[in-house]
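Shared chain: subunit A. Partners: subunit B in the first complex, subunit C in the second.
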Partner chain A sequence: MFEVIKGALSLGLLWGIMTIGVYITYRILSIADLTVEGSITLGAAIAAHAITRGMNPYLGTLLALFGGMAAGFCTGILHTRLKIPALLSGILTMIALYSINLRVMGKANVSLLRMDNVYTVFENLGLEPTWAIITLGAIGVVVIVCLLYWFFGTEIGCAIRATGNNPYMVRAQGINTNSMIILGLVISNGLVSLGGALIAQNQNFSDIGMGTGSIVIGLASVIIGEVLFGKRNFFMRLISLAFGAITYRIIIAFVLKLGMHSNDLKLFTAITVAVALALPMIKDLLNPPKIVIGEGGQDA
Partner chain B sequence: MLRIDGAYKIFNPGTVNRKMALRNVSLSMKEGDFITLIGGNGAGKSTLLNCIAGVYGVEKGSINIAGIDVTKSSEYKRAALLGRVFQDPMMGTASDMILEENLALALRRGKPRGLRWGISNKERETYRELLSHLGLGLEKRLNVKVKLLSGGQRQAITLLMATLKKPKLLLLDEHTAALDPKTAGIVLELTERLVHENGLTTLMVTHNMRDAIRYGNRLIMMHDGRIFLDIQGEEKSKLTVEELLTRFGSASGQEFSYDRALLS
Partner chain C sequence: MKKLFAILVVLVVFVGLTGCTNSAKGPKVGIIQLAEHVALDSASEGFIAALEDGGYVDGENITIDLQNAQGEQTNLSTIGDRFVSEKVDLILAVATPAAQSIAGKTSTIPILGTAITDYVDARLALSNEEPGLNVSGTTDMNPIKEQIELLIKLAPETKTVGVIYNSSEDNSILQAKIAKENIEGMGLNYEEVTVTSSNDVQQATQSLVEKCDAIYIPTDNTLATAMPVVHGVVVKSKTPMVCGEESMVREGGLATIGINYYDLGYQTGLMAMEILKDKADISKMPIKSATKFDFAINGNVAEEIGIAIPDDLTEHIIDE
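So, the complex of A and B:
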């Protein structure tokens, strides 16, 4: 039991980083960006390529971050400059990345067994492997959440948030919405790719198929986080993404324990997301929102 | 302050839906001019405003704002010179962001945005002060998401945002059309006060003839993509709705048929 939760916690933290990336496009920019399916694998591929060639795993992981940013940039250019719809732009980059990822890895699956990775440092400090992952994952999540909380409070960050909300208004305030969309996609896919690199080093291999369905897992985590852990303020929202990803992993671990065949996992995830997306509606149906009007017509 | 020379705008060129929305429109505004722009549906009022703002480019002709040729520059670049309020109260503000964030976005119009914090404490004081002048109690609601405010409040906020950083030209596109008469009146009074206090050069589209006559120092009427009437000075101040209708008839060779304008 404890082992299951520990495993879910470690995996959830790593997927949490990816989830934060998905959140930036899905909630902040209001774009369902399918690039992530390719950029998560790209991160894994770059890290695997770097590590198998004896590069420092931290440097390899950093390269994965840059690779994902480049992928996001491509989608951004397709969408803003070439006026291709966002969904299709993401699909195009995702498909292109399939070939690129094969090129980077050289084959469909690269093993990282018995090679030093980013977690080795923590294991050398005497931490048990899973705790090493949890430690690094938690540090990663906290650092990224703090950085993003700061960034989205700056002038540029505010401009990105406003762009996802009302692009007409943003242009009228002299902001280039195209640049803001590109920047958002770059940051998002950078994080997704970083997550992919960390996940590959956790599972000790990189596989060409590991990105399949990752957008759905990301969305599931975003929604679970929001539903269970609230939307109080921006900082809590970011933190709740990691909790959402962890909860998702716990759910998966339990259904596997209960005897679900792992081949059915993607079907299960898709249904979970469909239900989760419908949750606000179901909630309203079962329990209509109570409206309280306070003095002076202010919302109580 | 504004000079438009021979502007043409054609929508859907080369298709059956081709529509010439502006036909050889030329207009010159002096600093401090407050023009009310009136005309029926499809007259080209909003198109003219959108062409000035850079939402659309013009097919022919040139647009010059405050001595800068902006004919080819994009919407967001022109925004540095312009303040804009739209017909739809939802369009001028970011509804999921809080009031002070919206104002902070507007305060930085035309300035390069960097990694400085999005709002400073000093600004908040200014916002509170300016909002209290609106008399809508908004100074206490800086942390409220704009989507929770009424259309009239949002339009007042958009107006404040458009003038927060003094624009070279203020463009108002039927900005009271979606409001109830009482709120529309409040917003119009506020408009006049802000225009007067800041000495703003203003171009206001309206469908209301009375408002068009009452506000501003110059009245322009458009029909079928052309400017038909241009009345200013003393002539404008003596203008009546009846006279305006007659003059439009003789200038355009047809009766002004625009129910909404007549009824209001």
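So, the complex of A and C:
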């Protein structure tokens, strides 16, 4: 029981990094970016390629970050310079990445079993494997959240946030919204790819099918995080994304634990997530909220 | 605080629901399967049947826990955590990613694999003769040469053989390569098209039938699920098609000589018996190949395409 929660915690932290990436496009830029399904595999592919050729796993993981940023840049160019709608730009990059990922890996599945990875350093310190992942995952999430909190407080960061809220106002201030969108996509896909690299090293393989369903997991985690852990301030929101991802993994772990017929797994997962999302509504029905004046609206 | 309340409700509901599982009897066997699909399902079924024939009946003197990741690879990790935490006595991993995922989590629990083509390349074993680690099992390497010979036997005038597969499946790439060597070795021309998802299958097959006289399809997960589509195209163009395994023939292929995943799973189950009953050391158990191959010919498809089945093969016609 505790093992399962621990496993969910470790996976959730790694997916949390990816979720933060999804949040940047989905909530901050208000773009549904499907590049994610390709860039998560790209990160895994780059890390796997690097590690199997004897490169330092940390360096390989860093390369994965850059690879994802490049993917985000492509989507950004397609969207802003070539004026292709955002959804389609993401899909185009995602499709292109499928071939690129196969090229990077050289085949559809690269095994990383029994090879040194980023977690080995922590295991050598005497940590049990799952705790090593949790430690590194937690450090990663905290560092990324702090960096992003700082960055989105700078002038450029604020301009990116404003671009998602009201591009007309931002352009009126003399800021190039196209550059802001590209920058947002670059950061987002970099993080997704970084997450992919860490996930691949955790599951011991990189597989071309890894990205399947990842955008759904990312979005569900974003929403679960917001619903359960609030939207108090920007810092809390970033942290809540990791908690959202962890909660999602715990839900899946429990659904699997129930031992129901495996065909019903996805339906039950959807129902469980829907219930989690509906909880605030149910609570409001039982207990009508007081009207609050002066609080900022939701970001669209 | 309100949020905390909400989270607690969710967790309590879950714990309440999970409280009523688990009444373990005898040794525990965990089956971790990558996805729902005919071949993988049959392998699991064969495995369970072998245990039953050996005297281990699920729920009586053994607990078999079958978990399916539904094609989502991250779920493999969650299932693996669960098996390791429950300290199962043996794990059956169905398909390569399932085995890789679980092998990374435990180096002590014996893991048998099935529906895996190359254990060494997947870093699951040091060698096929002596795996040396906690993983062994059965390989689903296909008798490709025999299959192509069957195709030529059924369609002797063939000049060009087309191959269709999913370029993202390792096993398929490997098989296509072997098929190419065999086809060209027989002095025939080789053509191939690849797909990336079941959505591409119809167009890809259409383009292939225009370029060749006969089609060979390896054991490919995507093509296996899209056989009815392939069938629709080849029946119109009257192109004979040999595929990698029997369930694909049942779904609309013409013929095969191949692995029966049920038998392969059964064979894996026999290996499990050695481990559970005789306490065999898995690190010394060689990886086994399928020992018997089945002919299977779909009589209806033969009629639709207009192929006469040679007399010595008529006994293998399967009735729908």
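Everything below uses one rule, namely that the second predicted complex is superposed on the first by the 260 of 300 C-alpha atoms of A that agree within 3 Å, B and C clash if a C-alpha of one lies under 4 Å from a C-alpha of the other, contacts with A are read in each partner's own complex, and residues count from 1 in each chain.
Definition applied: a residue touches a chain if its C-beta (ideal position, glycine included) is under 8 Å from a C-beta of that chain, and two chains touch if they have at least 3 such contacts.
If you're wondering where the values come from, they're calculated on a predicted model, not measured in any experiment.
**Q** Judging by the criteria at the top, classify the pair subunit B and subunit C on subunit A as clash or fit.
**A** Here the two partners, once superposed via subunit A, fit next to each other without clashing.
**Q** I'd like to know which partner A:Asp207 touches here: subunit B for first, subunit C for second, both or neither.
**A** After superposition on chain A, A:Asp207 lies in contact with subunit C alone.
**Q** If we overlay the two complexes on their shared chain A, which of subunit B and subunit C does A:Val192 touch? Say first, second, both or neither.
**A** After superposition on chain A, A:Val192 lies in contact with neither partner.
**Q** In the superposed arrangement, does A:Ile40 touch subunit B (first), subunit C (second), both or neither?
**A** neither
**Q** Could you work out the angle between subunit B and subunit C as seen from subunit A, using CA centres and rounding to the nearest 10 degrees?
**A** So the C-alpha centres give an angle of 140 degrees.
**Q** Scan A:Leu279 for contacts with subunit B and subunit C and give back first, second, both or neither.
**A** In the superposition, A:Leu279 contacts subunit C only.
**Q** Looking at A:Ala71, would you say it contacts subunit B, subunit C, both, or neither? Reply first, second, both or neither.
**A** After superposition on chain A, A:Ala71 lies in contact with neither partner.
**Q** Using the superposition described at the top, determine whether subunit B or subunit C touches more residues of subunit A.
**A** Touching more residues of subunit A than the other partner does is C.
**Q** Looking at the superposed set of three chains, what is the minimum CA distance between subunit B and subunit C in Å?
**A** Superposition on chain A places subunit B and subunit C at a least C-alpha distance of 23 Å.
**Q** Which subunit A residues contact subunit B in one complex and subunit C in the other?
**A** none
**Q** Could you pull out which subunit B residues touch subunit A in their complex?
**A** 53, 74-77, 79-80, 82, 84, 86, 90-97, 101-102, 104-106, 108-111, 113-118, 137, 148, 161
**Q** Any idea which subunit A residues touch subunit B in the complex?
**A** Listed in rising order, the residues are 151, 153-159, 161-162, 165-166, 168-177, 296, 299.
**Q** Under the stated contact criterion, what part of subunit C meets subunit A in this complex?
**A** 2-3, 5-7, 9-10, 14, 17-18, 21, 33, 36, 65-68, 70-82, 84-85, 96-97, 100-101, 103-105, 121-124, 167-170, 173, 196
**Q** Taking the complex as given, what residues does subunit A use to touch subunit C?
**A** Residue list for subunit A touching subunit C: 1-4, 6-8, 11, 15, 98, 102, 107-109, 111-115, 129-130, 199, 202-205, 207-210, 212-213, 217, 227-230, 247, 249, 251-254, 256-259, 262-263, 265-266, 275-276, 279-280, 283.
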